[in-house]
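Next up, some structures in structure tokens.
What follows is a pair of complexes built around chain A, which joins chain B in one and chain C in the other.
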Partner chain A sequence: MRALVRIIGGLIVLVIVILLGLMLMPMHRTAAVTNLPAGYEPPAGAGERVAIAADCAACHTAPGGKPFAGGRVVETPIGRIYASNITPDRKTGIGNYTLDDFRAALYDGLRRDGVHLYPAMPYPSYRKMTEEDVRALYGYFMNELAPVEASVPETRLAFPFNQRWGIRLWDWASLPPAGFRPYMRSAKLDRGAYLVEALAHCGSCHTPRNGLTFAEKGYESRSADFLTGGVIGAWPAPDLRARDSAAQRWSDEQLAALLASGRNETAGVSGEMALAVEHSLQHLPKSDMEAIVSYLKAIKQDRPIADASAPRSTPAPTAQQLASASPQLGLGARLYLDNCNACHFATGKGAKNVFPNLDGNAVVTAKQPGGLISLILNGDAIPSTSERPERLVMPGFGWRLNDDEVAALATFVRQSWSNAAPAVTTADVAKLRGAVNTTPW
Partner chain B sequence: MSHAFLDGYKPLYFSTTEWAFIRAACARLIPSEGEGPGALEARVPVFIDTQMAGDFGKASDWYMLGPHEPGANPLLGFQSPLTPAQIYRQSIALVDEWCTEQKGKAFAELGPDLQDEVLRDLQARKMPLKAELRDFFVLLLQNTKEGYFADPIYGGNYRMAAWKYIGFPGARGAYLEWANDKGAPYPLGPVSISGDRG
Partner chain C sequence: MARRQKKTDVVIVGLGWTGSILGIELANAGLKVLALERGADRDMIQNLAYPKMIDELKYGVRHGLMLRPADSTVTIRHSLRDTALPYRSLGSFLPGNGVGGAGVHWNGHTWRALPEELRLKTYVLEKFGASVIPAGMTIEDWGVTYEELEPHFERFEYVCGISGRAGNLGGSTQAGGNPFEGPRKRDYPLPPLPTLLNGKIFGDAAKAMGYHPFPLPAANLSDAYTNEYGMQLGPCNFCGFCERFGCIGYSKSSPQTCILGALKRKSNFSYQTRSEVLRVELASDRRTATGVTYIDEKGEEIFQPADLVILAAYQFHNVHLLLLSGIGRPYVAETGEGVVGKNYAYQMTGGTSLFFKDLNFNPFVGAGSSAMVIDNFSVGQIDFGKEGFIGGSYISSGQFNGQPIRSMALPSGTPTWGAGWKKGIRDWYGHSMSIGSHGSNMSYRDCYLDLDPTYRNKHGQPMLRMTFDWKPNDIRMTQFMRSKVESIAKFLNPTSWVSGYKGDSSHYDVRPYQTTHTVGGAIMGIDPTKSAVNRYLQTWDVHNVFVMGASAFPQNLQYNPTGTVGALAYWSAHAIKHDYLRNPRPLA
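On to the complex of A and B.
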């Protein structure tokens, strides 16, 4: 008995010592992965190009706010996290950051004062940045941007997530090695890998996360899980590698068109992907876009799609049913005719380059139905891009359809033509109905 | 016929006597007897009242600064310095006055045949309405038709009754599959802007 008490007491002391160690031990900062010669100067314009490819503005610019002055809320599974002001303001921004401080933020997720950043800041991807790009980015933020004095609200998460030292455990368990080591067959593919895996952090949305720590299951194409489909908010970020995924089925030109202009013959970007295209991908040099497309095609996996239902072997006769306009049609079909048929048509195929195809659309057939539900409730828009200046809007229908109706309609769309995804429930819809306008005006 | 809803309705613009006039006039322009719903079943008076209380009644987006030539040739368009709501108000008072003088009762109290006579006189401009009020009957007839066929979101065409009657399928964006079916009736009931299904 005494022995047991002693053992337990000992264990408790040990745990406390370990915790104290965890909390107080100085952070490890990763050193530069390349020793650049003294007096190294990044090429002109390189910093801005990296900032665009890495889409720093996506999170660090608040809606309607000054560029990079922070304040945007990043919604995460553990709560709302405010992105920092990263203009070179000394008081409220990162004006006091040295190059090493800056690299530590990008590589190790460490703030200048040593506090751990939440991985809502995608440092697990940025960690692969080359030293050249870190330098270019640092020069851009310090010398090319004007300081903006703007305080950002403090992030306050619930216990235990407010114990930032705990992120250290997460970092140990999750972070890939720093820097990018070329590993593909050609320089072009390696450029694509670098863009996708490091700068554009496609994996932060498109890679599944493990259930325990929410860390991405892989950070590069040598991991079989990388880019096989993730979830961002309530949206599916589709599988990009399966042989029957859209990314692999489309021709190189069609894939490039979607990424660079926001749409192609059969699809348009929506949700967070629309923001990535609008703020970042459309601005990439053509050679970079070609590298991304070649890379994505090169990492194809010979397996069925992972995050969405397989199509029916024989398509349902939906188009004929809808065309009959019969009063016998079920509620879902009736709602489709009343609300969606005008643009997406009885075939579900929409109109080339304008209205996306719903038949076999990964957002429609995804295991995660939230993207489809959000589209129906709130609508969305393909952004205006330099190649395709016209912004194409899908109106929201939340104001005219109740939760039962949205569920019936979403279920219909998920089970029509060749789609064969599980039904959507009223509760699924209720969860996503936020502050939606109740009138169209 | 009972019109409990119209009885209980609190007009936004019209006074009690004006409301009685509008109900009676609409009921003659699109009567309840015979085929299809009448203006009262379709709640057309509610549509007109709502319009008078809103931008149309106030001529909010019309050019109203003059010069006004109310006596000008009607082909030159609306020339009155009065808004539609003012035209309704002043005209209803004059018509009721005229009916009381000539027929002994306000318009709403007259029998249907006499009401028809009065409306015909109005249409034929036989009633001594000043030039500023000349367009009253034109407005009344136009707004009654609009209330009958406009989307129910504007207060009339209750439950899409007028659409169902003529087989109009409503605010459903496209009928591509039916474009070549000349004359075939469209089987499905209508849908309204707010998504109601008929």
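On to the complex of A and C.
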């Protein structure tokens, strides 16, 4: 008995010591992956190019706010995280950051004061940044941006997520090695890999996360799970590697068109991807876009799609049913005629480059129906891009359809033409109605 | 004393079709451009969202997208002997308001003027002699030829993505198109819209009678389209809400869908809404303008200096601004002298409704330009000497909408209220089609615009006065068309039919809607004593003021004006970009 007490007591002391160690031990900061010569100067304009490719603005510029002055709310499964002010303001921004402080934020997710950043900041991806790009980015933020004094609300998550020291455990378990080591067949593919895996941090949304730590299951294409589909909020972030995924079915031109202009012959970007196109992808040099497309095509996997239902072998005769305009049509079909048919038409095919095709659309047939439900409730917009300046808006229908109707309509489009995805329930809709409204219009 | 803004290269008055065209063309040339729009901003979706726009009462009946007469109107009289009264309730014509102007709510009929129409006076004199021109008729040549405008007609059609079928490709007649049109270098960018039942039976009848039916050139798109500015449109779904409505589906060519999204991205372009220009300010020598004075939303008067002033407001607002600013000599009807306000003209329309007990036209399926047309009685096809009038019409059967309030054609004799009316609606809704005549209107010495001596607007400025009435020449034209339309109606053998055309005793009535195609008042030409602007739409006296729009038409076309207005805007923009900017001076 006494021995048992002693053992338990010893274990408790051990745990306390480990916890104290975790909480108090000074943080390890990853060093520069390349020793650049003294006096190294990044090429002119490189910093801004990196900032664009890394899409810093997507989070650090609030809607309608000053560039990089922070304040955008990032909705995560554990609560609201406020993106920080990263202008060189000494009081409220990062004006006091040294190069090492800055690198520690990008590589290790550490604030200057040693506090851990939440991994909503994609430092697991930015860790792969080259030292040249770290320098360029540092120079851009410190010297090329004007300081903006703007305080951002403190992120306050509920216990236990407010114990930021816990992120250390997460980091130990989850972080990949720092820096990018070329591993593909060609320089072009390596450029694509670097852009996708490091700067554009595509994996943050498109890679599934493990159930325990929510860490991405892989940070590069050599990992089989990388870019095989994830979720962001209620939205699906589609599988990009399966042989029948949209990214692999589309021609190089169509894939590039979607990424660079927000739209292609059959699809338009929605949700968070619209921000990525608006702030980042449309501004990439053509050679970078070609590298991304080549890379994505090169990492195709010969397997069926992971995060969406497979199409029917024989399409349903939906177009003919709708064209009959029969009063006997079900609720979903009638709602489709009254609300959707004007643009997406009875064929569901919409119109090339303007109205997205619903037949085989990744958001429509996704296992996670939240994107489709959000689209119906709130609408969305394909952003104005330099190549295709029209901001194409789908209006929301939440104001005129109740939860039962939205569920019936979503189920109808998920099960019409060649689509064969599971039904949507009223409860699925109720959960998303009144969720943070990102209505763009 | 008005507050002074920072100078801009170009100030554009009005942000509709022509303001948007000049805006993007001059911004693309590198100039700093500011557009001032009197009305509200109109974003495609914020304001035109599906399905809120489909509200016939709000927009169709109560003119939700139009200029309110309380904010701005004209006074109207029939003759020099009358006292004009303000046009207080919109009826006869409907000026648009807000960003996009009338380009938001139009039906989308997109025509080119005929070669003969652009040199009408010369054509009449050469072919029929001076004797066919009645006393008091003041028709003129435009000073620009069809051949000169051809690339600009094409440009506008390709910016819009017009659905149609060419009838004359480089002089070679094309089956199924309009054989009487001027030669075009390229076909329309998109194939015609599908034909509805009314169009089919009208077309079949016309063909059987030896005419040449063709689909109306439509700014309702038959397929997805991307234009030169990267702007995109989708296929029309035939919802039947075009005229008086903004398109809910990116399917009608408008400044919003064709230009503004691209223009708003440009850092050297900006625009302000709720900013009403009061006058153009002139330098002390009155040979150049220094900018414009406008009144903003808060009622503050502001002077906006600019090197170049583009008047791109509605037709009669352009004329009003010229008169208020003292640009050009005001026209005086008693003497026929002066130029600004001269040759106001309207359009002569008429129609026949046909009722078929056994046919169902499903009128709720419609598009603003869904129509079959014959041009066998166009300006270039009629013997003016023999028929005793100058002019022409296109004759068409369109099915634009089946809206329940305004689109309830009933056979004559049906009661206009009560149980009998309800029975009539039940019996006849969906069983009628119409054939219309859309015709020219000549210009006359005593049809003109000037400043009203009595009424003032809310800014204390004299209102614009319109003096206009129908003339025997144009009544004879429409009666001629009536005989042609009714012969087609008889051929179709309907259960019954009812006609409405102006007759000998008709006077201009401002109450019923006829057309918003008001023209003239700042007419173009080659003689500074007879026209207000030169062939490049530049004012003769003040070389840095250009005047866009249908105010330049010396008399009215038989067609809807937008295609020609768009072509003239591109023609003028081309002259400004390639000639005027290098050496600012009078271009003619």
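Here are some notes:
The rule is simple: the second predicted complex is superposed on the first by the 434 of 441 C-alpha atoms of A that agree within 3 Å, B and C clash if a C-alpha of one lies under 4 Å from a C-alpha of the other, contacts with A are read in each partner's own complex, and residues count from 1 in each chain.
Please note the rule applied: contacts are C-beta pairs under 8 Å (C-beta built on N, C-alpha and C of every residue); 3 or more make two chains touch, one makes a residue touch a chain.
Computed from a predicted model, the values in this text were never measured in an experiment.
If you put the two complexes together on chain A, you find that chain B and chain C bump into each other. By the touch criterion defined above, A:401 lies against chain B but remains apart from chain C after alignment on the C-alpha atoms of chain A. Of the two partner chains placed by the overlay, chain B and chain C both lie in contact with A:343. When the two complexes are overlaid on their common chain A, residue A:353 makes contact with chain C while staying clear of chain B. Once chain A of one complex is fitted onto chain A of the other, the partner contacts of A:386 are limited to chain C, with no touch recorded for chain B.
In the superposed pair of complexes, A:91 makes contact with neither chain B nor chain C.
In the superposed model, A:323 makes contact with chain B only, not with chain C. Shared contact residues of chain A, touching chain B in one structure and chain C in the other: 339, 341-343, 345. Chain A meets chain C in the complex at residues 339, 341-343, 345, 350-355, 381, 384, 386-393, 395, 441.
Within the complex formed with chain A, the chain C residues making contact are 43-46, 49-51, 223-224, 226, 229-235, 237, 239, 248-250, 257, 261-262, 264-265. Against chain B, in their complex, chain A makes its touches with residues 322-327, 329, 334, 337-339, 341-343, 345-346, 397, 400-401, 405, 440. Put simply, chain B touches chain A in their complex at residues 172-174, 176-178, 186-189, 191, 193-195, 197.
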